[in-house]
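Shared between the two complexes below is subunit A, which pairs with subunit B and subunit C, respectively.
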Partner chain A sequence: MASITMNTIRKSYGPVDVLKNISLEIKDGEFISLLGSSGCGKSTLLRIISGLEQQTSGTLHIGGKDMTNVPPKQRSVSMVFQSYALYPHLTVFENMAVPLIMRTMSRTQRFPVLGKYIGSARSIRKEIRAKVLALAESLDIHHLLDRNPSQLSGGQRQRVALGRAMVRDPEVFLMDEPLSNLDTKMRAHMRTELAEIHQKLGSTFVYVTHDQEEAMTMSDRVALMMNGQLMQVATPREIYRKPVHKSVAEFIGAPKINILSGAIVERGVMEVCGVRTAVPGELQANASLGIRPSRLQPAPESSGTWQAQVITVEDMGSSFLLHCELSDGTRTISRIDSRSVVPERGANIHLAPQADCAMFFDANGWNHACHPHLDSDTLHAFSTTPPADSNADHAQGTKEYALASAV
Partner chain B sequence: MRHFSYFLRHALLAAGALFMATPFIVMLSTALKSQANIFSGSFSIIPEQWAASGNFGEVFTSLPIIQFMLNGALVTATIFCIQVLVAVPCAYALAKFDFKGRNILFNCVLWSLLIPPQAVAIPVFLELHSLGLLNSYSALILPWTISVLGIFLMRQFFMAIPDDIMDAARMDGMGEISILIRIMLPMAVPALTAFGILSFIAHWNDFFWPLICLQDVQYFTPPLGIAYFKTDDAGIKYGPLMAAACVITIPLLVVFLAARDKFIQGVSVQAGVK
Partner chain C sequence: MHLRPLYNRLLPYLLSAPALVLMFLFLIGPIMAVLFLSFTDWQLGETAFRITGLENYLTLFSDELFLRSMRNTAFYIVMTVPTTLIFGLVGAMLILQSGAMRKLYQTIYFLPFMGTAVAMLIVWEFVLHPTIGVWGMIAQWFNLDPVNLLRNEHTALPILALISIWQNVGFAIVLFMAGLSGIPEEMYEAGALDGADGVFSKFSLITWPLISHVTFFVFILLTVHSFQIFESVAVLTKGGPNDATEVLTYTMYKEGFDYFRTNIASAITVVFLTGVGALVLIKAAWLEKKVHYQ
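Coming up: the complex of A and B.
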């Protein structure tokens, strides 16, 4: 088993910096997701861990050993590709046996026809066969062993690719969007299956995805990448509740968080669309307020509510999505419970933010609660999300964030 | 109206096919006729005086046709093997490695496709002469060992193989040579077959180059060999000549029919990858 340590890894193609100073410690046995939109460098980082790509500078250690200049075949790492990358001319059995054949048999033993008479080639092949059969049994693909990849469905190919990666018991699994070619139902199924495999094997998993749902549901930690940089590395819970930056808050969570721009009318008071609210005193001009759709609910009119017009209502089954327009033209989304009274399209309603769940971002987009320049006392005072569970969260919610029309 | 256009299309295609097949039909018909029948004033597809056994018999008795065919087989097989040995690594490098000057190199390959072999025949002849290799199997084989068409065809095929498969092979512990032999080559069988057929037909049928570089009958390839009927003192014996032409066409037909499926797969480059 192995931990992975990356230290100031940089990768550039000519003048373009794809990765800028990535430092990341992945614990032994951890399931970490590299999350980001396409082109953010997450796949490049994965390929650097695998050894398929060489970093421009920086060091990489796997299991405490320096792997900076070690070729992929000498790393105890296997990879599952988005396209599965099965060998089309080999059967399922042969596909799964390749990693073992290449690593346990000598060049002469692999030689066709004559090879099997050299040394213990026959007994090695027998062991390989037994191992592949056992693994195929556990992955439920034993009935497919004689088929070619072209005869398999997407889900079956996925399992074969997993099998090929698992067969040599690597210390680290790298997965490059392995579920993105499957249909929704199969994807959900494979997600739980992957999580189970991770628990069973206890190996380190590095999982690249652009799908926040996958990242949030499977990972111990999520590493959110943007423009070749790590924006935040945290547990799914923390990254959702305490995003360090506005862009992180906007990336995580569906539907997207509501970002309302406000004006600091005096120190510690921000006016957002006609409603005044107390904010941390350090906030300067051009600050903004973020509130999750589930925390922005219709409410009876009061001094702390926004007047809004309902634009559309989307029925999601278990909930409704309410698209509204505030009086200053800002669009908002609210997620409301399906059992509550749902306003009609075009209705004028009032929206009340759940104050203790609001986030404040400064002019550069940093979350004030996480901002490094705040001292720890201030941080504590303005903490919106204590690490405990959500009920405690509400109970403890600091009153400084209470919205008021007149301060 | 639809029936009419259907009929018209097929009539056009049939006319085209007939036009292409006519020389073969005449060849077959002539091979079955007696000399007198060939030179009689009227022309008919079905022979009036049959002389099939005489004509074909003469092919095997008066000519070392078996020797010619063996020469042809040896030369075409050797040429193809060396062409593959050269073209596959070249094509792999051109398709999958990123190195300085790759595009220039590939452009050179493309430009070489435009040079007709006749244009360089004399320099190659002189070169072989100075090496003392004229009038030998080497003279037949060496000039054709590097096939630009082969490099181009294989490169196009390798381009279509996804990089992920090669990366997967690298992760599974293969080096570049292993990838080439264990992964790329087996996947490229359809393309290789297509190229093999093209190469085989071209060099089996080649008349021009053997005519230039050979003197001894023992090295003659089939087309050059059967041309001997022409220079016989009795004039041109069309019957046996056409019978010999029929005989040397048979291997082409057999090879093509045997590899037909793979050939068609290989000509459509994407096939076999997914």
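Coming up: the complex of A and C.
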């Protein structure tokens, strides 16, 4: 059992606060992604879990045990580095054997040459050999065991790094952008493979990435980080459909969500670019409306449509991206099916938002549907808990999000 | 109309000619001359000479003094190189961990290497002087007999080795520091997770293997350098006492410029150059292999 519990973790380098008040609970066996743009503190958080870095304050428990002052090797965690960090002077076999050798053999048994003549060392080495061979077989790298890392392709190195991480059966796998050095095809392949490995091992995976596609496709839950804070922790489905904040909505989903600023003309009515929509009554001034590109489609003119001019049309194969400009100058993107009629560049058309898919954000950017009972002044950070059952109907809108104290 | 192609063909030779001429004048020429002279009986000032074949070499290898100077040189190398290597590596690792003081230490240790050899040696002569030197004072404190360490058969060569270590440790430190900073931090982090977080295991799993190319380079450089020991012998001991510090280059110098036996000096030079050449070849071959391997 290795759940991970982080409680109000902070990390600062001198005057710079890299992590501000992170509280997160990761269930045993869960695949969670730490998603965020570069520099937001993902790696730092991962390194704190691994023990390579100590938090400035706050607590970390792995498998219920307090990890303060526990060195990395005594935590049951393995890490796959972005650069793989394979030992360049050792063969693939030796690379994979290192974690076992360092853990199971004494210093004298490890001693070069002489160690071979210690009886117990021989039997331990035999066990290690069997274990590495079996693992190499399952990772399909058994034919590479005698090579040096410099003689391997990126994908092969990746597998060896995985093998080295897996060989001692850790309870937690930490991965720091492990696929970012691979080409697109290999990346897609390894994504599937990692998901399979996770299923097979059943251990806890903490996966750092800046690529939302990776995070969304592989994880049970996505923890979205911004500026050293957790913005939202939720299932991929929920974080896409119910982003707690405008910035989350803008980060998740490609192409980016359309955000249109509106004016509250009377209680419960917002006017966006000349079109009036009913909105939750609590919304105050400076609210905005968010609509995904797939939910903003060309339509015949009516009272609920925006007049727009087509700026460019991008052919994506299975769909088209329509870049338009509304009458007030706002730019929008629509994703339309490739089988539908595609407007010409420069054409004047009308765009209709699918009203039930619109999101409304208040003046501070918070999504009204997620916490209508809170007003933005009293928002404060509180801890997040994993869903009781990851198959539960997320449309119910569980309260599994983190709210940051300041925006 | 054939001029242009001809010019094009000659151009590379024209351009490299000055370098080739200089190289011939100052490097290849003298080496050829020395090699030739070592097979003759020519002595400085004489007008005629005879080809004597291997006679000079036979003389050398049955000459007690020459054999002594070979042994001394070898002994000197054995005393200096490993010690400098170890102090250099340990020093570099300590300096890299010293953070803020890093630059200062680096400068202090590198100074002896940058200083003028002869000036440094004169300072050493003073330091080691049995009556007016630092050594004399120390000996007095501890009530020791302040022997003249440079005039003692048993201590003279080790003292020269000590001076060489003092001079070269800084050089080794700087090279090792470069090598050590080239090891990616992630290597140690992977090691820490794999269970190598002690000083010993970090060193044996990561540091030592990953600086092996630097170690080898420093090793060859120091060996060549020690092989060439000359200034300290010439300034401090003149080969004495009782030939205890007679080394290859000094014997060569004496044969050539004191006794004017150019033929013998040439033969010693050839032996010397063969030694240096062998070391350089080993280094080149090893580097070649290393490049191929990466």
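Everything below uses one rule, namely that the second predicted complex is superposed on the first by the 370 of 407 C-alpha atoms of A that agree within 3 Å, B and C clash if a C-alpha of one lies under 4 Å from a C-alpha of the other, contacts with A are read in each partner's own complex, and residues count from 1 in each chain.
Simple rule for what comes next: a contact is a pair of C-beta atoms (placed from the backbone, for glycine too) under 8 Å apart; a residue touches a chain by one contact, two chains touch by 3 or more.
This structure is a prediction, so every number in the text was calculated from the model and none was measured.
S.K.: Superpose on subunit A as described above, then tell me if subunit B and subunit C fit or clash.
M.R.: Aligned on subunit A, subunit C clashes with subunit B.
S.K.: Taking the superposition on A as described, I'd like to know which of subunit B and subunit C A:L52 touches: first, second, both or neither.
M.R.: both
S.K.: Is A:V77 in contact with subunit B, with subunit C, with both, or with neither (first, second, both, neither)?
M.R.: Once the two structures are laid over each other on A, A:V77 reaches both partners.
S.K.: Is A:V98 contacted by the first partner subunit B, the second partner subunit C, both or neither?
M.R.: So A:V98 meets both subunit B and subunit C here.
S.K.: Once the shared chain is lined up, is A:K185 touching subunit B (first), subunit C (second), both, or neither of them?
M.R.: It touches nothing on subunit B or subunit C.
S.K.: Just subunit B (first), just subunit C (second), both, or neither: which does A:K200 touch?
M.R.: Once the two structures are laid over each other on A, A:K200 reaches no partner at all.
S.K.: Would you tell me the residues on subunit A in contact with subunit B in one complex that are also in contact with subunit C in the other?
M.R.: Looking at subunit A, the two contact sets intersect at 50, 52, 71-73, 77-79, 81, 83, 85-89, 98-99, 102-103, 150, 164.
S.K.: Quick one: which bits of subunit B touch subunit A in the complex? Just the residue numbers, please.
M.R.: Against subunit A, the touching part of subunit B is residues 162, 164-165, 167-175, 178, 183, 186-187, 189, 272-274.
S.K.: In their shared complex, at which residues does subunit A touch subunit C?
M.R.: Contacts found on subunit A: 50-52, 71-73, 77-79, 81, 83, 85-90, 98-99, 102-103, 107, 110, 112, 148, 150, 164.
S.K.: Per the contact definition, I'd like the list of subunit A residues that touch subunit B in the complex.
M.R.: Its residues touching subunit B are 47, 50, 52, 71-73, 77-79, 81-83, 85-89, 98-99, 102-103, 150, 164.
S.K.: Under the stated contact criterion, what part of subunit C meets subunit A in this complex?
M.R.: So the residues of subunit C touching subunit A come out as 184, 186-187, 189-190, 192-197, 200-201, 204-206, 209-210, 212, 293-294.
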